[in-house]
Amino acid sequence: MLRFEGALALAQAASGIIPQESAKIINDYCNIDLINIEQVKKDIKLGGNTAIPLVKQLTQIVKKQDEEAAKYVHFGATSQDVVDTGIALQIQKYMVWLNEKLHELQQILITLTQKHRQTLMIGRTLLQQARPITFGLKTAKWLTPINQIQFPVPYLTLGGAVGAGNEFINRNVQLELGSTLALNSPSGGQDVLFCCQLGILSGHLGKIAKDISLLMQTEVCEVFEGAVDGKGGSSTMPHKRNPVTCTAILANAIRTPHLVATMLSTMPQEHERSAGLWHAEWETMTELAGLTAGSLEKTIELLSGLEVDKNRMLQNLEITKGLIYAENVSLALAQKIGKTDAHHIIEKACKTAIFEQKHLKTVLQEMKIDLENLDELFKPENSIGNSLEIIDEILNH
Amino acid sequence: MLRFEGALALAQAASGIIPQESAKIINDYCNIDLINIEQVKKDIKLGGNTAIPLVKQLTQIVKKQDEEAAKYVHFGATSQDVVDTGIALQIQKYMVWLNEKLHELQQILITLTQKHRQTLMIGRTLLQQARPITFGLKTAKWLTPINQIQFPVPYLTLGGAVGAGNEFINRNVQLELGSTLALNSPSGGQDVLFCCQLGILSGHLGKIAKDISLLMQTEVCEVFEGAVDGKGGSSTMPHKRNPVTCTAILANAIRTPHLVATMLSTMPQEHERSAGLWHAEWETMTELAGLTAGSLEKTIELLSGLEVDKNRMLQNLEITKGLIYAENVSLALAQKIGKTDAHHIIEKACKTAIFEQKHLKTVLQEMKIDLENLDELFKPENSIGNSLEIIDEILNH
Amino acid sequence: MLRFEGALALAQAASGIIPQESAKIINDYCNIDLINIEQVKKDIKLGGNTAIPLVKQLTQIVKKQDEEAAKYVHFGATSQDVVDTGIALQIQKYMVWLNEKLHELQQILITLTQKHRQTLMIGRTLLQQARPITFGLKTAKWLTPINQIQFPVPYLTLGGAVGAGNEFINRNVQLELGSTLALNSPSGGQDVLFCCQLGILSGHLGKIAKDISLLMQTEVCEVFEGAVDGKGGSSTMPHKRNPVTCTAILANAIRTPHLVATMLSTMPQEHERSAGLWHAEWETMTELAGLTAGSLEKTIELLSGLEVDKNRMLQNLEITKGLIYAENVSLALAQKIGKTDAHHIIEKACKTAIFEQKHLKTVLQEMKIDLENLDELFKPENSIGNSLEIIDEILNH
Amino acid sequence: MLRFEGALALAQAASGIIPQESAKIINDYCNIDLINIEQVKKDIKLGGNTAIPLVKQLTQIVKKQDEEAAKYVHFGATSQDVVDTGIALQIQKYMVWLNEKLHELQQILITLTQKHRQTLMIGRTLLQQARPITFGLKTAKWLTPINQIQFPVPYLTLGGAVGAGNEFINRNVQLELGSTLALNSPSGGQDVLFCCQLGILSGHLGKIAKDISLLMQTEVCEVFEGAVDGKGGSSTMPHKRNPVTCTAILANAIRTPHLVATMLSTMPQEHERSAGLWHAEWETMTELAGLTAGSLEKTIELLSGLEVDKNRMLQNLEITKGLIYAENVSLALAQKIGKTDAHHIIEKACKTAIFEQKHLKTVLQEMKIDLENLDELFKPENSIGNSLEIIDEILNH
């Protein structure tokens, strides 16, 4: 907010609206160390926002140096100008960090995908084992939405009392100030879109954490959060390896949709500035940005240290005793005896396998089904569809 | 969904995966009139989605014509492929309508803005009269976010059982099918972004309705929904002119944020397809799209027939008896006697005006304040800041 | 709504406000078969609610019979009276159904709990195996919140134009009408509390579905939705047993929190009746009631046919090779050699067991740990804490 | 949380589970001043909750005093026991405060209602003037839902690792501990119900603030937030009297529905303890409790200092130039010439009044309508229906 007040004075001086000297003094004293923060907090109550007490203090500080300059503090501006631009400048800084971290996450996911391009595992739908995929396909699909996220440039708010500008807040000042602060022209609703995108990011990270927490289940044990001494363990339950990092990301992903909804709920604001809806935005955005940043940091930590148990993945592919390959056999047999007959034979074989708790391949061998390449049909690497092509396409994108 | 099944067969035939003739038959029988919808509804329960009973019926229909062709119905595809692509095709159609209506709304807002570029009214912040603007500035600011909305192209879902594709669902088939249906490549989370944008649009329309409903208040009476016989009136309360259309738009704007949040809540889906989160998307999207479309239609109706009472706007500018111009006088006086003295004098004059319920100009005249252009300082057209420049910039954008 | 109009006329006649004969005629013609519903739907747009066109039609119908009686239709009442009381009467009916179904669910859960009071299984926290419980403890805990749900009696809305009543809508009429319709006195916010309780119920049912869907995982396989021909299966993936019923309940549980929030968002209504917030309640309540009813029906279906695999539960208790009993051994050993030494020895034994993939009991035997009752310490039935007492207490509640 | 640990040790000693002396030492050292809070914060990351590092520190502190006692710290308990009971104890304290403040609010509303029982004002529906009420009726209706709010007693969580209890955490210990801490027996979902009720309270307070903010509009000016020097005013816009306190309450009322929804979203928790959903509850409850408390304090402040302008209320009753009394005249005339004729005549008179901008009474006089008590029909005090009876009933409740 002080950065806004300083830059505003300089922009107004550049347009000949206020004296250069006054602007310089104002800008020099826009220094957070000079502000009594506790007093600001106390005074917020009277005016209902942070701008009023802050500008009051700043004016007093400047006045002590130069009476004339004090007249030009916050000149022609309104509370919303400084509050919303202050938030925009924080978002600007936040987005630099966010983009760096997103890049880091992309690199980690690319590396994981390359490494596990051919790591065979079962694909699961509706929490049931379905057909084989590779772990690289899973991580590539985690990567896709991260690649697609784009955030809008935050924008300058500068409109004076009713957003109409005035003689001290004209188009020149707006352009100059926007340029100095590297903010877009005034606009509408972009902050809500930004919040939506944070919510979407948090949701994607939640999906990664959901998958990993499920894969860490004692009965699955395919991947694990990296072990850190004292993390996720239990002295009385030595077998536990709690998905502590996933838990934090998942907790955030439960909360962020509702924070996005809060922002959307604030949109039908009354007239030129709302009584309440505008005020509900502040903490909501802060919280949403914080939770999403936390999830991003945690996901990087989670994936950096991820342990993948390829052997267990192979073992789990055998849990259904070959039933996940039933369709392979059915299609192969159809080439010989037609689809309908093939389907009936394999359906019967599956029932036998389930009832007698035998491997489907064994049942088929016992049924003397005439298929020379039976072993090949029961190999996961022959059942991953176009997993590798899809991975390569995502990586080359 | 039938369009997907037909086009899939043709795409697979084009790639030499299934016979041309079979594909032609399948495509010919993908006809909604042949489907027993009630039976589909009844059977949804067993499989948990619409795809399973629909494909079953379609297969039977095709089988009656050609046993061979029946083998290739929904070949290699999974329920999610046809359900989600079916939704994408509906969104595609919806978006054509949406863009047409948005264009219509833009034109109406442009016309309103041009017409009321100089229509003077009071700007209001925190529900209090603040400083004059023009009604055209208000409508121009309603227009800005409408100008900025951009929707993503809906995308094709085609991945087979676990999203890995298979020999019948390969890259060629995907490209061919995407091209036929004019859908983007498979992607992630774009449907949630689309929903967010619907929520944002509904919020903007809610803001327009909020403003108009407030301006229609019996105590304000500046604008009105167009009069239609029997609409919004009351036989026992003849003075009432209820904001009936605004009410519908506002009701939608209360509901849509929560529907967007529902979509965001569905994001952390388990593994290759979720048990429940995917299923929660369907009705939510339909409802969100319906409410937003309703709000858009209603807003067009609302603004097309909008009645603006310029005289009442001018009268309302006088409610504070000149106090809204206090700052003008203060600044003019400051040129002569310095800012501090000017401020004190005007502050005193305002207190007198309030206490004695006199017009501020009268008080200043009685105080013999020496300002030759006093009348000019109390004219709203001299107090609208850069309203006209802002309007022109938005219109020329 | 027609029931309200009929009963209102009778109540007004009982209070001597309108003629008995007119009331009788009005009540006789309050018959849904006489109403042109399509016309009502078409006319809603003009007045913004269902009451206006319905009352209009009803008045015309009555007028054809008796001009005098027509004067007393909806006499002194306002749209909100009939709309909200209409909803209350629907809730009343809905709650009879709801309470019956809740009773049915309670009985099923009691039976399940009694049957599985001693069915041993692993308890899981953070998706990790933790310590043994019984399946009956799980079902008893599903039962507890169902036992606690209490719904408020729906209330009569009857206040005329601004909720102040009038000479035709006085206290006597209110009491008489409330008594006839078995509705509580006018009140505030009880409908939101009712919606909250529906949301809570839907959440509890979601918890049951969540647990069952996880227990149905291919890697866990402890319980199953009842098999119905064609339900949840897949012809190409014969091993799948999709949690189709759970899926529907979980999808609802994702959506209902947001519908409750919508109701809460409608609370800050303007003045004596809101423009928009009231209108947002209608479809939201209907949807929330429908989804919760659906979840309740589905949960009854789910639990009625539930298949429990006790053997698999026992097998899964062995997955950690005895590590889930480490604490038992540690405590037993502590009796002999002190807690600290015991802890160190067992910690070492666990590490060995994990590293060498041996059963903890084997490791302890190899380490020649001197504990005569070692076998007992590794039995799940000795490790279920107070499960049985907790179950009995819940059942006896 | 320390209070829980101390009381648990004492309860276990009372049941003979741990030595009395150890319990006493543990309880004595359950002292927040001995805890290194920064270290706790730092260590939360490893275990994912506050309990683990806190218990670790407490154990070390006790160990320094007595090795034996240290063995019994947190004996048999799990993280959720101490976290959730810690929250319950905070809620307990919070609810004492809440009930005090609610009582204070009730008293203020009773006083306001008594004072303004007969203060005439216009009732408004859909933001339009409708029919007269008294201000006391409005405040009485603000009071009703406050009178109805009831909060559930918070409950003890004590179940050990998987909620099944164990030999150290049995029914006796539970009863003893519940009694010491004055908490209810373990239960389910009551915390969500508590949160729902906070959301409902916040919504009701939002309704009060909404009404007052609308009544403070420059064009309405019927009531005002109490004037405090420097509050809500603007030096450059001396006429503004911003609804600063209302704004804070309204901002909270926008946010709280979404926080309630977050709590409802956490309900479908996995198995015996969730990975993420449980964790999402903590900050959400804190925030919801804080915002609701803030709204309650602000509403007390708002209503304590409320300024009511009775004269302006009377003036605003005249804005429609008598049209709000049209129904009165119509009904009176109907006694003489029948309802239909009366309706037509008054409808015509109203149109004339609107078109010629005359007072309806004047028009009727010019039309020589024969009604001796015409003046009485245009008095607001004769048009408030049963306002006074409704008020008295609420006050006597």
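Every chain is named by a letter (A, B, C and D) in the order it is written, and numbering of its residues begins at 1.
The rule is short, and it goes like this: contacts are C-beta pairs under 8 Å (C-beta built on N, C-alpha and C of every residue); 3 or more make two chains touch, one makes a residue touch a chain.
All values reported here derive from a predicted model rather than from experimental measurement.
Over half of the residue numbers found at the subunit C and subunit D interface occur in both copies, marking it as a same-residue contact. Computed from the mean C-alpha positions, the centre of subunit A lies at a distance of 33 Å from the centre of subunit D. Per-chain CA centroids place subunit A at a distance of 24 Å from subunit B. In subunit A, the positions touching at least two other chains are 48, 124-127, 130-131, 161, 209, 213-214, 236-237, 242-244, 247, 250, 253-254, 257-258, 261-262, 265, 275. The touch graph of the protein chains shown is complete. Per the touch definition, subunit A reaches subunit B in the complex via residues 48, 71, 78, 123-127, 130-133, 137-138, 141, 144-145, 148, 160-167, 169-171, 187-190, 192-193, 196-197, 199-200, 203-204, 206-207, 209-211, 214, 250, 253-254, 256-258, 260-265, 267-275, 339, 384-387, 389-390, 393. The touching residues of subunit D, counted against subunit B in their complex, run 122, 124-131, 213-214, 216-220, 235-244, 247, 258, 261, 265, 316, 319-320, 323-324, 326-327, 330, 343, 347, 350-351, 354. Within the complex formed with subunit D, the subunit A residues making contact are 43, 45-48, 161, 209, 213, 228, 230-232, 236-237, 242-244, 246-255, 257-259, 261-262, 265-266, 275-277, 279-280, 283-284.
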